Amino acid sequence: MERAALGAPPSPAERLVFFSDAVVAIAITLLALELPVPEGRTDAEFLHRAAELRGDYAAFLISFAVVGTQWFVHNRLLAGVTSIGGRLPQWNLLWLLTIVATPFVTRVLTADGAFAARFATYAATQALSGMFLWLMLRSVVRADLLDPDRTMAAAQRRLVAMTVAFLISIPVALVTHWAYLCWIAVPLVARAGALA
Amino acid sequence: MERAALGAPPSPAERLVFFSDAVVAIAITLLALELPVPEGRTDAEFLHRAAELRGDYAAFLISFAVVGTQWFVHNRLLAGVTSIGGRLPQWNLLWLLTIVATPFVTRVLTADGAFAARFATYAATQALSGMFLWLMLRSVVRADLLDPDRTMAAAQRRLVAMTVAFLISIPVALVTHWAYLCWIAVPLVARAGALA
Amino acid sequence: MERAALGAPPSPAERLVFFSDAVVAIAITLLALELPVPEGRTDAEFLHRAAELRGDYAAFLISFAVVGTQWFVHNRLLAGVTSIGGRLPQWNLLWLLTIVATPFVTRVLTADGAFAARFATYAATQALSGMFLWLMLRSVVRADLLDPDRTMAAAQRRLVAMTVAFLISIPVALVTHWAYLCWIAVPLVARAGALA
Amino acid sequence: MERAALGAPPSPAERLVFFSDAVVAIAITLLALELPVPEGRTDAEFLHRAAELRGDYAAFLISFAVVGTQWFVHNRLLAGVTSIGGRLPQWNLLWLLTIVATPFVTRVLTADGAFAARFATYAATQALSGMFLWLMLRSVVRADLLDPDRTMAAAQRRLVAMTVAFLISIPVALVTHWAYLCWIAVPLVARAGALA
């Protein structure tokens, strides 16, 4: 390679955001990596086996929706930001830790037995994820790095609603498998939180 | 890290596109991850075993071509767009779901037995993929976010042709393994659709 | 998500290059994914086992160097290009196919037995890779999309030299395991080609 | 695809940085790929098994912190750079080699037995990583590609402190498992180095 200069690199803020997007993109794609293929010599056997594996497929779709939603919120959160700084990079790295852990806690969730412990591991990871996003939001607001035309009140309410719904599901899981309903409630609560 | 500001982050539209590109890049690269290595102590054994595995290698090449084509259409589709908005982010996320599922449905396709069910799983995923791209296109046209110099009629016809070819292959697979020919016809039909 | 527009997406040329960079980044990182961990309860056993696995580690380093070099050439090749078009996207996708296949052919190379067939599979993939880069270069030159200040003669010679070195190694492998020396010669030949 | 030109590609410097970010993003996400899921039919069995696996989880968190810190330093290092050139691309590729190797050396670290050899493999990889970053920094300073408003003295001291801490841990591991404490000292030493 010749020694000529190759131009200026992109800014740290651009790198931080594209690095985060790449991590989320990899985590969301890895979710499908270990999905079990239904065995079966005949079409009937295949369909029967696929039905037995519905728990794994549902967990994949739940995690895809959770990570996709987290990414949308991250996108919205930084859309009104005029400059990245303060403690935002640290909270962002901790948020990425929860994203990186999501394919793992999805495998934890779908393994056999120990329902409450597995459920709580997953829900706690997602609650932490929401919490770190909320801390990013707060550090943006505090450091006054927000476009003055925008208010983050709706995003803050949505994040609080999501995080609380995941937290509430943990004690519910000690009592009943219907704790999954708390997660189905998450998008509804989030929407209500955004409109409130 | 010092607390100084690091500049403004990239726009939500840039992030949405690069996030999508990263997901597609990972999915297309993961296709080769579980390709079986031919065993064999001698060159003749190696070639014999490689010939036996030709189904796996063909499925890899088909999926590479399918995902590569989907990405080209996505690239073309957004090339004339002046602004991202409306329902496009939602359709885009559902499109990414079909891309993320493609390495999995490729493994489904190449497993033994149950030809019609495996074939239909793969073809239905790709038909959905085409449908979500088409919905993206429609939301762009409806929200009037298209560069007025460009017409998307050719891209629309191409997408409809591709999706219909995958859909038609599903009932054909109930009757004969020659249903694969419908897929080979896809690029020809797509080209004819683009020219029509 | 609100329905507001999110700004214009990046250009097709930017997307093509970042998509390619993402594919190369994933392929180069996956090379280390299946490296075998040396077993051993004592430090001496560990070192002994690590020495036995040196073939796997060498293959990893070779493929890292090959993919890294391919990426540098791709980077240089497009550095003087003022506009992407013509057949370049098609050759680029075929180039990416050889990159995506590299972790797989590295596993082929390090499996036991059938030296000539395994060696030829690897070398042929890399020769194809060089050839597709060379076709990209030619389509750039032909479509007159090159910054007139730049000459691509050195890059062309380098690519031809690399491709020829990989091609020559294939018949040599039919005779002797020293065919690896042809690869060690690749960077020297490439440098000579660049200076010629 | 029509033959129309698609615009100019991004600059080599932008590509080098985004390529690096993508490699780091993949390596950091792959760290969680092989984390073992605790087995157990009851919540108590699950928690007991999870506690037994704490070494794997700790190694994941250590490597996440190490790679995350390396990325932050890389980000800071290039933030004041006005132009990429000289030997920086070569040192950057060698730095990426250590990053790509990190998920592998993490697996080496957590396997059973041979403590000193496994510990030294991991620590040496991270010391090399710090060294290559330091060589990048030096090549930037030497080629006079630094924004004159910025001084890299703090970053240089931090890198030297980190690298030395990893190097010191290697002989310590020959004597005692407490060598891990040297790594815990790394961030403290780095901070002290930055302030000195």
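Just so it is clear, A, B, C and D label the chains in written order, and each chain counts residues from 1 on its own.
The rule is short, and it goes like this: a residue touches a chain if its C-beta (ideal position, glycine included) is under 8 Å from a C-beta of that chain, and two chains touch if they have at least 3 such contacts.
Please read these numbers as outputs of a predicted model, since none were measured by experiment.
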Minimum number of chain-to-chain touching steps separating subunit B from subunit D: 1
Rotation in the CA alignment of subunit C with subunit D, degrees, nearest 5: 90
Whole-Å gap between the CA centroids of subunit B and subunit C: 24
Residues within subunit D bordering two or more other chains: 1, 6, 11-12, 16, 18, 22, 26, 30, 33, 72, 76, 79, 89
Chain contact topology (line, ring, star, complete or other): complete
Complex contacts: residues of subunit D adjacent to subunit A: 11-14, 16-18, 21-22, 24-26, 28-33, 35, 37-43, 45-47, 64, 68, 71-72, 75-76, 78-79, 81-87, 89-90, 143, 145
Subunit A residues within the subunit D interface of the complex: 1, 3-12, 15-16, 18-19, 22-23, 26-27, 30, 33, 89, 93, 96-97, 100-101, 103-104, 107-108, 111-118
Touch list for subunit A against partner subunit C, complex: 1, 6, 22, 26, 72, 76, 79
